[in-house]
Amino acid sequence: MKEITYINPVLLIAVPLALAFIIPILKFVWEKSIKWIPVAGFLFDLIVSITLIPIVLQKNIIVKIGGTTTPFSINLVVGPAGLLLSIMISLAGFLVAIYALKYIQEGDKTKYHILFMLLLTGAIGVVLTGDIFNLFVFFEVLCISSYALVGYLGNRAGIESSIKYLIQGSIGSSLLLVGIGLIYGQYGTLNMADLAAQIKTADSISLFVPMFFMITGLGIEAAIFPLNSWLPDAHSSAPSSISAVLSGIAIEVGLYAMMRILFTIFAAESFMGFLLFLGVITLLIGEMSAFSQNNIKRMLAYSSIGQIGLIVFAFSIATASGLSGGFFQMISHTLNKALLFLATGFMIYRTGSMEISSFRGLGKKMPLTALFFTIGTFSIIGLPPFVGFASKFLIFKAALAKQELLFIILIAVIILTTVIEGAYFFRIIQTLYFKESDDKSSKQESAITALIPMFIFALLILILGIYPNWIMKFIHSAASELLNKMSYLRSVLG
Amino acid sequence: MIIVITLLVLMMLASAITACIMKDLISAVIAACVVSLIAAVLFFLLHAPDVAMAEASIGAALVTAVFIIAIKRTKRHEE
Amino acid sequence: MDFLYNYIYYIGAFGLILIGLYILLVKHNLIKMIIGLSILETGVNLFIITLGYLDNGTAPIFSKENLESNMMVDPVPQALVLTAIVIGLAVLALALSLAIRLYDSFKTLNLKKIKEQKW
Amino acid sequence: MILFYMMIFAFVGAFLIYFAGKSFPRIKEILAVVISFLLFLFVALLYGKDFQINYHNFLGFHLFLRINMFSWLFALTITFLGFLSIIFSLSYMKDKKNNAFYYMNMLFVNIAMLGIVLAGDLISFFIFWEIMSWSTFLLISYKKGSALPASMKYIIMSIIGSLSMLIGILYLYDLTDTTIISQLSHIIRFINKGDVIFVVILFSIAFGIKNAVIPFHNWLPPAHSEAPSPFSAILSGILIKMGVYGFLLLFYVIIGLDIIFHLTGLTIVLNVLAAITIIFPTFLAILQNDAKRLLAWSTVAQAGYIFMGITYGTELSVAGGIFHFLNHAIFKALMFLAVGAIEYRTKGIRDLNSLGGFIKKMPFTFAAMLIGAMGLIGLPLTNGFVSKWLIYKTLILNGSPFLAFAALIGTWGTILYSYKLIHNIFLGQLPAKFENIQKAPFSMKMPMMILSTIIIFFGILPGIPLQFINKIIVSFGYHPLNVSLFGIVSDSGNLNIINILAATFVIGVLIVLFFRSGRKSVRVDQYDNYAAGSFIPKEKYSYTNSFYAPLDRFLNSFLKDYIDIFYCKSAALIRHFCNGIRKIYTGYVGSYVMYILLFLAVLIFVQLNWSVF
Amino acid sequence: MKKFFSLILLIIIVVGMIYTIHQIPFGKNQSKIGKYFVANGKDETGAANIVTSVVVGYRSFDTLGEVTVLFLAAIGLGAILTTTKKQNHDIEKASLILNTGCRFLFPLVLLFSAYIFIHGHLSPGGGFQGGAVVASGFLLIYLACPGKRINKVGNTISESVGGLIFIILGAIGLFVGDRYFLANFLPKGELNTLFSAGIIPIIYIALGFKVGSELNSVIDKMMEES
């Protein structure tokens, strides 16, 4: 068979890294161009990722780094699941970078752009890597840049949230490292496929303990219920463009890493039942906490917790359709939450307040922003014809296909949370459109560079909502890749 | 040899506990620095000279310096 | 003696991890918590290095005299810890800078008094 | 594909209105009227067609649009009323600012309802159902202020309903492997009873909420009274009848006659619910002082009749239910439009106690309202009479005296509140501030006129709509009714409007003669009288104030909307609980670290001790 | 009470770890990849220091990430600290002895650090350790001469260029030989000589500069504040 030539996926990581390293020099040479660097970098990533789709659909691409023999050097394993997330990351990165052209006005802008790029590069590294310690390193890249970005604005809230996030996050990384150490000590390898080949399934306590450590460590970034206390603070205090990325990308990447470890390395099917409950509890707690919030960003942050709970639930069903639902929900959550945070960003910027009550009458003043916000809300509640409906539909379908009473009860709980979700989101819509504002100033639409990414997100929400079939093939193969341990092994170890 | 190692470990743990209970942050940092230093020695004894060097220069020296700068900038005593 | 030989490093490493986590749990001074983080990280590093030890081994460095490879200790944990140390430094530096800024804004480092972000 | 193009055309049109409205303000109204008329025309032209098309593939589900007699009748009603209420809106919405938004959503609602009745599979049924829900939400909130809690109530109930329907659909899909309605009806008989009942319950929640069957009715009164009046007409006339459509679809098309009425207890429960839905809201309606809220409660009650008809399950009752749906759509829309005209002219006053005497000022509106009320009560020669006759008759014939009695009580109550409505608005004294009130504009009169004509027309010639309904019930598997142009012929008694017409004519002549023979009435000035030497204050004098005061006092003490109170209490409880739950995010890092380590420690502890995983 | 509870939690966690440790006997363990590196490392990479061959050879991608983390820390620190308002401090002069001693020591420290990172592939040490030593040299100067500051432009450039060299060397590997990222495409040379091990010393030198200047900028930022 003829070898197909393709762009080496390692460039997905290397190019943004190189660009990030160039930025400090550019500051002395050509300062104006700096803010375009992230745009260029993620556009490159987006294009490369998309060109890789047809190849990856046939077989996983194994990228060797620093050596040729497989378990001994680091691999990138570009499978459908990883590529799917990498496309989402570069898409969100690209659009949010465009948004940030105008949005970021204060602080050291150069540093903002560097941190932003590295945040998403770390995320791409996490989803593509096939090595457990490499995952840790990129995870740290992701985490540290998010600590810095949360505190970027330098206000009281930002600093406080950032330090709290940092403490919890570093505990998480230490726990993850302990877990990696325990695994390495027993199996003497760090390659995920090699580990997976040696661990048939998690059965003894000496396997469960490292698994618990790693789950706790990754779970902190993935914002599973008792580990997510940092999230509402961090997401509400960061600049909105960063909240969009943190909510839309960072926690999902954490979740993906966790699921990759659970499914591929440990194959811990018995643990999935527990995660099922954990997901539903996360969902419940998130939505209930969001219910009576008056701070819009905090509300959106809690809603992210809820959505993550739903994704965890979907993954824990541990069937192909459940995983498809989970991946679809990830996509939909990325699009929805990014759109919501971006729109919120400019609404806060114009009104100068995060209180929902201060958004009265914005539907008139910033009609397009409000419209996009509305689309985002409808989608996140799961109303057709938006993408959120398709994802919730898939999850419900997958859960009901199990035909167990347990799932029906859990779904009843999910319905309750959706109702709560609907209640608080529709309240915002009413505030936007149907409450008169006090001041009668004229239109103050968002900047055009902010409207373009919002428009693209909204368009994607609508298109994927109406034609979800377009990506279903990709999502199915992503799901089967994540679920099917053996094919992963074969593709890496040959 | 094993006695020496045991003593080192006990010293390390003792200084870690000291770091925990000291109200004076500078003293606590110094205790933490001692922890790092002894850890560096242990690394060396575990045949990891590279790590020992890194731990000594980074963990013991730089981190301590950064800590002390930060404490100078904030408050010296725990409340 | 045998017990000590087998477990003394683990005792040290776990002791450090335990003390570090304990500081993080109980103390509410920020600098103290960061010290706890640093101790925790040291403990984790010591633990990982311990995993790679080989009885009567040598450092994994070839020199003119030592070209014997089968008694070398495992180099991989050392590489990992090298990375982990640097990462730990990065986190600590960031945490301390945040502590400075926190003190500027709140005039205290007692995290029990810094609870603006809640609920 | 014509159906699909029609839907596409309508959606594009709706968006066009919104964006055209931004740049060319006049064109949006013309567009709205034209599009809604074209929709009506399209649907009307589809008469007698029976086919289905696959228009989309959604996540592996084939989505179908389908038309047959059953959906045609509903579609026709929808587009017709939609068209009329958009015409009515022309002047009602004239001075509102962003009415492009209003027209767009109005069309959305119409299209979504059209989609619901044309849906050929349950997935597209659900999708259109949800589109209807959110666009309705936007329309109810349109008037701001007190409309906001009303729409909130609506949307929350609606989400609960639609999600339970979604679960029902997917559950059904798991059992049958299909969501296409025409296939479901064949496969459903191989499913065991328990599953069918479960599915029926899930769907009934959704349809019951839309149809405002009693435990789920509480969203309806506030929503109807706060929505813009032309939309209230749609809301009351057809939107809530989507629940009826759903029930018909579920019971008679999907599950089928031979199964649904062998599910023990189900029909009894549904019938009792229907009876409660008739009685209880009727008396609540009497107590209302807000014209639109009164009509809203009346809608709940009438929906109870329809529900009674379709769950009772005989030919006559189903036909009566469907016919009553049609009639109710017409006369309730008419009444809402009439109230809307009053509201428009009085600048938003709907309080019955402060109106009165409008008969002189707005005679046309009075006539329309009178005809509507007659239809609502079910007086002979109006369409309501025929449908109620069908329902009563089947109830009595099949030996359900209690249900019949409930229906009868409902009718008495209907008379009371209809009279209150007419009296308080049109009769009595005209308050001084309304001296200069004008007649309703033409664009309001026209829909009212058309609707009034239809009421009388169907009342005299019930055979025409019954022909269509006959075809529908035949498709459900019933024996056809023996319908003539003027009525129904059956073994147990005939209905012939000709006889009634004659009788009415005779009675009318007698009444005229009786009054002519009496003394002439004398007119005096309102304030030209004394009571023990002092003037009566003006407010006291207007006897439209506290109209049914004794009845009020009697009922008020124990007739409250307990269910609504229950829902509100539980919502408050949930809110309180939610507020408590978020207190776990204490703001202190130490406790957060504690959570993390607790999680880890519990996992390890559990695994060490019990090895559960 | 809380302390007691915390201790119980921690003890449970440690007990869990001890259970796992039973699977890993101390001092007997030689991992699969460790054995491979020790056996083949010197032939495949040409570095005498196997840890270096792992850090900069087999697992150099980790190192790239690690450098990025450090870079991030420097940048993040800057982003967080720039927004503070400058406060005036009266600078305390250090004593003459300290001053002179430091000035004398400083070049020696730099020289030592250069030795460390140039000989990273031969002896213990390397870019990180060397960079840390560089930073401690500068720290000495900061302490001794409170007014002195590093040249920011130079520092930034060495920071960026160090990282770029790493990535570019890695990317060149995509086009030569086995065509993988971070391939060691230069001749391996003779074991235990300075010019051996292909790109490893080059990368380590670049890393030394980068780490040194990053740590410098960290210290610089922190000092600026005090």
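Just so it is clear, A, B, C, D and E label the chains in written order, and each chain counts residues from 1 on its own.
Everything below uses one rule, namely that contacts are C-beta pairs under 8 Å (C-beta built on N, C-alpha and C of every residue); 3 or more make two chains touch, one makes a residue touch a chain.
Bear in mind the structure is a predicted one, so any value in this text is a computation, not a measurement.
K.L.:
Which chains sit in contact with both members of the pair subunit A and subunit B?
P.N.:
Neighbours common to subunit A and subunit B are C, E.
K.L.:
Whose Cα centre is nearest the centre of all Cα atoms in view?
P.N.:
The most central chain, going by mean C-alpha position, is A.
K.L.:
Considering only mean CA positions as chain centres, point out the chain farthest from subunit C.
P.N.:
Greatest centre separation from subunit C goes to chain D.
K.L.:
Report back the single chain whose CA centre is most distant from the CA centre of subunit E.
P.N.:
The most remote chain is D.
K.L.:
Just give me the whole-number Å value for how far the CA centre of subunit C lies from that of subunit D.
P.N.:
Going by mean C-alpha positions, subunit C sits 68 Å from subunit D.
K.L.:
With chain centres taken as the means of their Cα atoms, state the distance from subunit D to subunit E in Å.
P.N.:
73
K.L.:
Distance from the CA centroid of subunit A to that of subunit E, rounded to the nearest Å?
P.N.:
Here the centre of subunit E sits 30 Å away from the centre of subunit A.
K.L.:
Can you check how far apart subunit B and subunit D are, centre to centre, with Cα atoms defining each centre and the answer in Å?
P.N.:
Centre-to-centre distance between subunit B and subunit D: 76 Å.
K.L.:
Residues of subunit D that contact two or more other chains, please.
P.N.:
Residue numbers touching two or more other chains: 582, 585, 589, 593-594, 597-598, 600, 604, 607-608.
K.L.:
Could you list the positions in subunit E whose residues touch two or more of the other chains?
P.N.:
6, 9-10, 13, 16-17, 19, 21, 24, 29-31, 33-34, 37, 49, 51, 59, 62, 65-66, 69, 72-73, 76-77, 80, 83-84, 124, 128, 215, 218, 222, 225
K.L.:
Can you list the residues of subunit C that touch 2 or more other chains?
P.N.:
5, 9, 17, 20-22, 24-27, 33, 50-54, 59-61, 72-73, 76-78, 80, 82-83, 85-87, 89-91, 93-94, 96-101, 114, 116-119
K.L.:
Pairwise, which chains touch?
P.N.:
A-C, A-D, A-E, B-C, B-E, C-D, C-E, D-E
K.L.:
Going by the contact rule at the top, pick out the subunit D residues touching subunit E in the complex.
P.N.:
594, 597-598, 600-601, 604-605, 607-608
K.L.:
So in the complex, which bits of subunit A are touching subunit C?
P.N.:
133, 137, 140, 144, 147-148, 151, 154-157, 159-164, 166-167, 170-171, 173-174, 177-178, 180-181, 184-185, 190, 232-233, 236-237, 289
K.L.:
Hey, which residues of subunit C end up touching subunit B in the complex?
P.N.:
So the residues of subunit C touching subunit B come out as 1, 4-5, 8-9, 11-12, 15-16, 19-20, 22-23, 27, 29, 31-32, 34-36, 38-39, 42, 45-46, 49-50, 52-54, 57-61, 72-73, 77-78, 81-82, 85-86, 88-89, 92-93, 96-97, 99-100, 103, 108-110.
K.L.:
Touching subunit D in the complex: which residues of subunit A?
P.N.:
163-164, 167-168, 171-172, 175, 202, 205, 208-209, 212-213, 215-216, 219-220, 226-227, 229-230, 232, 268, 270-271, 274, 285, 288-289, 291-293, 302, 364, 378, 381, 383-385, 389-390, 393-394, 396-397, 400-401, 403, 408, 411, 415, 418-420, 422-423, 426-427, 429-430, 433-436, 466, 468-469, 472
K.L.:
Which bits of subunit D are touching subunit A when the two form their complex?
P.N.:
Against subunit A, the touching part of subunit D is residues 56-60, 98, 126-127, 130-131, 133-134, 137-138, 141-142, 144, 147-148, 151-152, 155-156, 159-160, 163-164, 166-167, 170-171, 173-174, 574-575, 577-579, 581-582, 584-585, 589, 591-593, 595-596, 598-600, 603-604, 607-608, 611-613.
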